[in-house]
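In the two assemblies presented below, chain A is common to both, partnered first by chain B and then by chain C.
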Partner chain A sequence: MKRPLRWNIALGVVLLLLAALVLAPFWFVLTGSVKDPAEIIARLPTMIPDNFTLQHYTKLLAASDYPIYMLNSLLVATASTLVTLGLAIPAGYAFFRMSFRGRETLYRAILLAYAFPSIVILIPLFGIFAKLGLVDSRLALVLVNVAFALPFAIWLLRSFFAGIPVEIEEAARLDGGAPFTVLRRIMIPLVAPGIAAVAVFAFVTAWTEYVFASVLILSDDKRPVPVGFSGIIGQYQIDWGLLLAGASLSILPVVILFAFVGRWFVAGLTEGAVK
Partner chain B sequence: MTRMHKTTLLGGAALAVLLPFAASAQTELTLWHMEQPPHRVDRVQMLLDEFNAAHPEIEVSQEPQNWGEVYAKAPAALAAGAGPDMLFAIPDFAPILKGMGALTSVADFVEELDAEHDFIDSTVEAYSYDEGVWAVPLYNMSMNLWYRPSVFEAAGIDVPTTWDDWSAAAKALTADGTYGMGLPANQQLYTDQTVYSVMANGGASEIYNEDGSLRFDNPQTVAAYDFYNGMLEFSPPDAPSWTWGEAEACFASASCGMIMQFSVISTYDTQAEGDAADLGVAAIPSQDGETHNTIAYANAVMLLSRDEGKMEASKTFIRWLLKPENYGRFLNMEPGLFMPVTADGAEADSFWSDPMVEKYRSQIETVIDNSANGMLFGFTSGRVFPAIAAISAQNVLAETLQSVAVKGMDPTEAVADGQARMQDLTE
Partner chain C sequence: MKLPRHILPFAFIAPAILFLAALLLWPLGQAVVLSLQDVRSVGMPGRWVGLENYAEVLTDGDFWSASWLSLLWVVTNAVLQTVLALVAALALNQNFPGVRIARTWIVLTWIIPTVVVVMIWRWLFSTSGGIVNPLLMQSGLTDAPVGFFARPGTAFATLVFINSWRWFPFITLMMLAGLTRIPGDLFEAARIDGAGPWKRFSRITWPLLAPTLGVLLVIGTLLSFNVFDIIWLLTAGGPADGTRTLPVLIYETAFKSYRMSEAAAVAVLATVFLMGFALIATRWLARPPEAR
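Up next is the complex of A and B:
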């Protein structure tokens, strides 16, 4: 059935408004980062920069440790993502396939990790990590990120495994496939959208984590972007150009990741636990 | 084997034996500070490189931290034995580390430095209590009133000295999308500082009575909150969420006729017109127009090492840093913001010869003059009440203002609530 023209126009207007609402902050951050300092703080903001300059990016990359922070974030977020996937895939499959006493209780209990505000365990965790010699190490951040991303990742993946017709798995078993082989050869390819969703979730969680990184990392050269960058912009005096350039660059890896796996991510969310 | 070969071999063997001792004889010190902007880190590094080159037996390295995190991070790191040897502080922060037994009194060391450089007394007083001195003052900051002379001239108004003048000037400058007075009302440290600057100019500088009981709830405090709330009428609508940076941007973009800030020099020079002749700075107006007070506090360094050798090496570094030929360059890691705490530092060529300081010399001289009447809540009149750390950490002054400005509570009632809150926090 064809929609009347006025409904199409109304729908278009609503979509445009929504797009403007979502994209406006990005637009102002990105365009602001290439404006000269006076234009950034001008009383009336300009939509299109009057003058184009890369001075803030030059300053950010040449005069600060921002590139080191980016590298640290990439290392920590990538490692956190890989470890989360490495643990969540077999764990999600085990919760789906294996029968053992207390399975449902344990499955529900793992989400309790989300019940604790992270700030509550910050100081005790610092003490434990200090005893293990992990304070001021990127490994500490990977462990924390994995600990926080893993419960949701397991939940999500179990739902994906449950969505695969049981006949496929049974056929593989009848052909003599061991559980691990079935998981690797049959199940993992079938839940690829779910794995992509978990990967994006784990990466973004690690990329944006601030609280633990701010306390567990002591040295400037090991700081990830959120912590290092918050220091660069200053307290009493803010360099707004630097702030906008840093903010623009900090979203770049996440944008790139979404560009590659975004479609899978959306498919993952709609086909998985959120369905 | 020739004599030369023998000599070379013996020399090599001697080096191999002695080098480890030489290496182990070097004292390594870690300095935590909260001056994270890159140019400040660079300046500190430049000074550290010079110091380390001049003192091969000591190696000082810096680890910049963030003020937003250090209150949790430093106690945790010290408790875990991973803390620094030297840590910068403000008066509110020192009692927290002292409370956990991390500080040793440096009274004798401060006395020695005072004899050589002559500290401004109030900077030492803020760290002197419980029969000790708990940090060495390093650099001063004080709140001032900033304005543009050309804007005042165009509006036909003089620099305000009384609250009535101030209010009238803010009203006159509020027109055509500009605001007379940019004031924050956020529950944050900046608001604490601006509120206290108004309180101190209205006879309400004392939070405590002599006996240590709270006297926040008094008519002068109520009048200060009432006045502040009235001045918010001439501030931009987003001002309640401001911190220092937003106020500076408002002033630099000529959207605010006046603001209260430690310094705007750096931002004004790099992000606004940078015309030194059109940057005005004055003392914060007082209720009676006579004594002008302001919030001011000295940042200091706490010496945390328990190792005697490290403690002595830390003192060697501080002695070197406070020498006039080095001290001015240290202060000018942010020209116009950090002021000297020593008499010889205030005259040091290394301070006044910085190009930015030369350009804004008259403004900086006024800032130094204004800081003579600087005070900090909980640290006034030579008395220090360490319990103020909890009150400051919760931004109770700002919280009380929010009760008035955001919730619309009567100032009398809000100030009474504020005192009750302070009582709760310190019990």
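Up next is the complex of A and C:
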């Protein structure tokens, strides 16, 4: 459909404002992380750095536990993603491809997980984990992150499973495939984009979680990035260069992941949502 | 091994259900138990006190001021997020060069840790250095730096802005789902009949998008209510308790005052509010539009 010129201008203005709103903060952080300390707090902010320096990154990587935090976060987020996938795929398959009694009720019960404040379970969960000896372990973080990602992960798979023609599955079953084999050989390859969407969601959920990690992890060498990073903020009140470098590095893994499979996540949200 | 046909689906679902029951439902039940007891420290056996904690909480001014702030927080965020998302979704629903990239990368604000979001905005809004204050002073809007987090009102408004900035792209994508589902033929037919852009929006887009907007307002409300980390890391509920919403109050009561049972009572009350809201809202949305 052709648009008249004035609508093109309006669209252009809105898109520019949108880009500025979303991207400008990141631009200032990324460029700030390679500026001289003096330039960072200059009265007139510079769009493009006058001087390029890696001193903040060197300091961050050499003098703080940041590399350990990154490693912890990568471990926890990867494990959380794998466990979420392992639980969500069979559940999603059953919910959206099989009919059974109580299906709707169970499905709604899962979605109710979104209707309570997650902080409610922080206190009891701490007690339960303390009894099981899980406090101050990365496993505790994996369990919590999976619990937070799982309900939405199942929901995300909905449109991907629903979009597969019944005939394909029936043909596979007539050929004598056992249900688990059908799921593994036929369904999983067909819903691969949906699995990518769930993986992004689970990884991001784990990568960004702060509150539970800050309570459940006690020792410094087990901290994930969000907790470790907030510790650095506390230690070096005004070293903005160090903080900007840390912020830039913490964005990196999710940006890389998103560059590869982000479009599937977007497809999952835009196609699966609000049906 | 061959499972009977009616058991089979449950074999697929059971691991996920059991996991959620153990990590969400069981602790939720424990929270209810905790709220009926007097517990001094985690793990210690409690003394049953019935509804005493609830009576205490409900007669406490802190609870009511936090409830009020939570309500204000949810409404302002839901409105700002939805408006921003609607504008963004309408723009991203158009065809222009680079639209795929724009649609994928708009969620950038959501994929980064909250701590980083917080740090970015603390720096941008900072009174020493930062970007916002120099810009405001350059353009002559103010002659002294604005302390965005210094007063309760501005701190609250600033937090609403930051939180909405964080979440509106997520809502935008879901709104795009509603928009892409409107058949293009409708617009074409309306255009041939001579309907202008505004008429096409008000007669086609808006009515067809309204149910989606309703669902997204509910989702936005639930998301906003639960926000704790942004508030805690930026203002910790201050200044002068001006940003102490219910989740902040729960956290403070439990982990700063170590009054676990009272915190659990507040948490249970908040859960009841939220579940009640979710149930009423979904019922209302499930009704046909004419009956509303």
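Simple rule for what comes next: the second predicted complex is superposed on the first by the 245 of 275 C-alpha atoms of A that agree within 3 Å, B and C clash if a C-alpha of one lies under 4 Å from a C-alpha of the other, contacts with A are read in each partner's own complex, and residues count from 1 in each chain.
By our rule, a residue touches a chain if its C-beta (ideal position, glycine included) is under 8 Å from a C-beta of that chain, and two chains touch if they have at least 3 such contacts.
Keep in mind the model is a prediction, meaning the values are calculated, not measured.
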{"item": "Combined model on chain A: chain C and chain B, fit or clash", "value": "clash"}
{"item": "Touching partner for A:Val215 - first (chain B), second (chain C), both, neither", "value": "both"}
{"item": "Chain B versus chain C as contact partner of A:Ser230, first or second or both or neither", "value": "both"}
{"item": "First (chain B), second (chain C), both or neither touched by A:Ile68", "value": "neither"}
{"item": "When both partners are placed on the shared chain, which of chain B and chain C touches more of chain A", "value": "C"}
{"item": "Touched partner set for A:Asp239, first chain B, second chain C, both or neither", "value": "first"}
{"item": "Chain B versus chain C as contact partner of A:Ile41, first or second or both or neither", "value": "both"}
{"item": "Partner chain in contact with A:Asp136 - chain B first, chain C second, else both or neither", "value": "first"}
{"item": "First (chain B), second (chain C), both or neither touched by A:Ile164", "value": "neither"}
{"item": "First (chain B), second (chain C), both or neither touched by A:Ala91", "value": "second"}
{"item": "Touching partner for A:Pro117 - first (chain B), second (chain C), both, neither", "value": "second"}
{"item": "Shared contact residues on chain A - chain B and chain C", "value": "40-43, 122-123, 126-127, 130-131, 215, 227, 230, 233, 238, 240"}
{"item": "Residues of chain A defined as touching chain C within the complex", "value": "1, 3, 7, 11, 14-15, 18-19, 21-23, 25-26, 28-29, 32, 40-45, 86-88, 90-91, 93-95, 98-101, 103, 106, 110, 112-128, 130-131, 143-144, 146-147, 150-151, 154, 178-179, 183, 204, 207-208, 210-211, 215, 225-227, 229-230, 233, 238, 240, 243-244, 247, 250-251, 254-255, 258, 262-263, 265-266, 269-274"}
{"item": "Chain B to chain A touching residues, read off their complex", "value": "34, 36-39, 41-42, 62-69, 72-73, 76-77, 79-82, 141, 177-178, 243-246, 248-249, 252-255, 261-263, 266-267, 270-272, 334, 337"}
{"item": "Residues on chain C engaged by chain A in the complex (per definition of touch)", "value": "2-3, 6, 8-10, 12-13, 15-17, 19-20, 23-24, 26-28, 30-31, 34, 42-43, 87-88, 91, 94-96, 100, 102-116, 119-121, 123-124, 128-131, 134-135, 138, 165, 169-170, 173-174, 176-178, 180, 184, 187-188, 191, 197, 211-212, 215-216, 219, 222, 225-226, 228-229, 232-233, 246-247, 250-251, 254-255, 260, 263-264, 267-268, 270-271, 274-275, 277-278"}
{"item": "Residue ranges of chain A in contact with chain B within the complex", "value": "37-38, 40-43, 59, 63-65, 122-123, 126-127, 130-131, 135-136, 214-215, 218-220, 227, 230-240"}
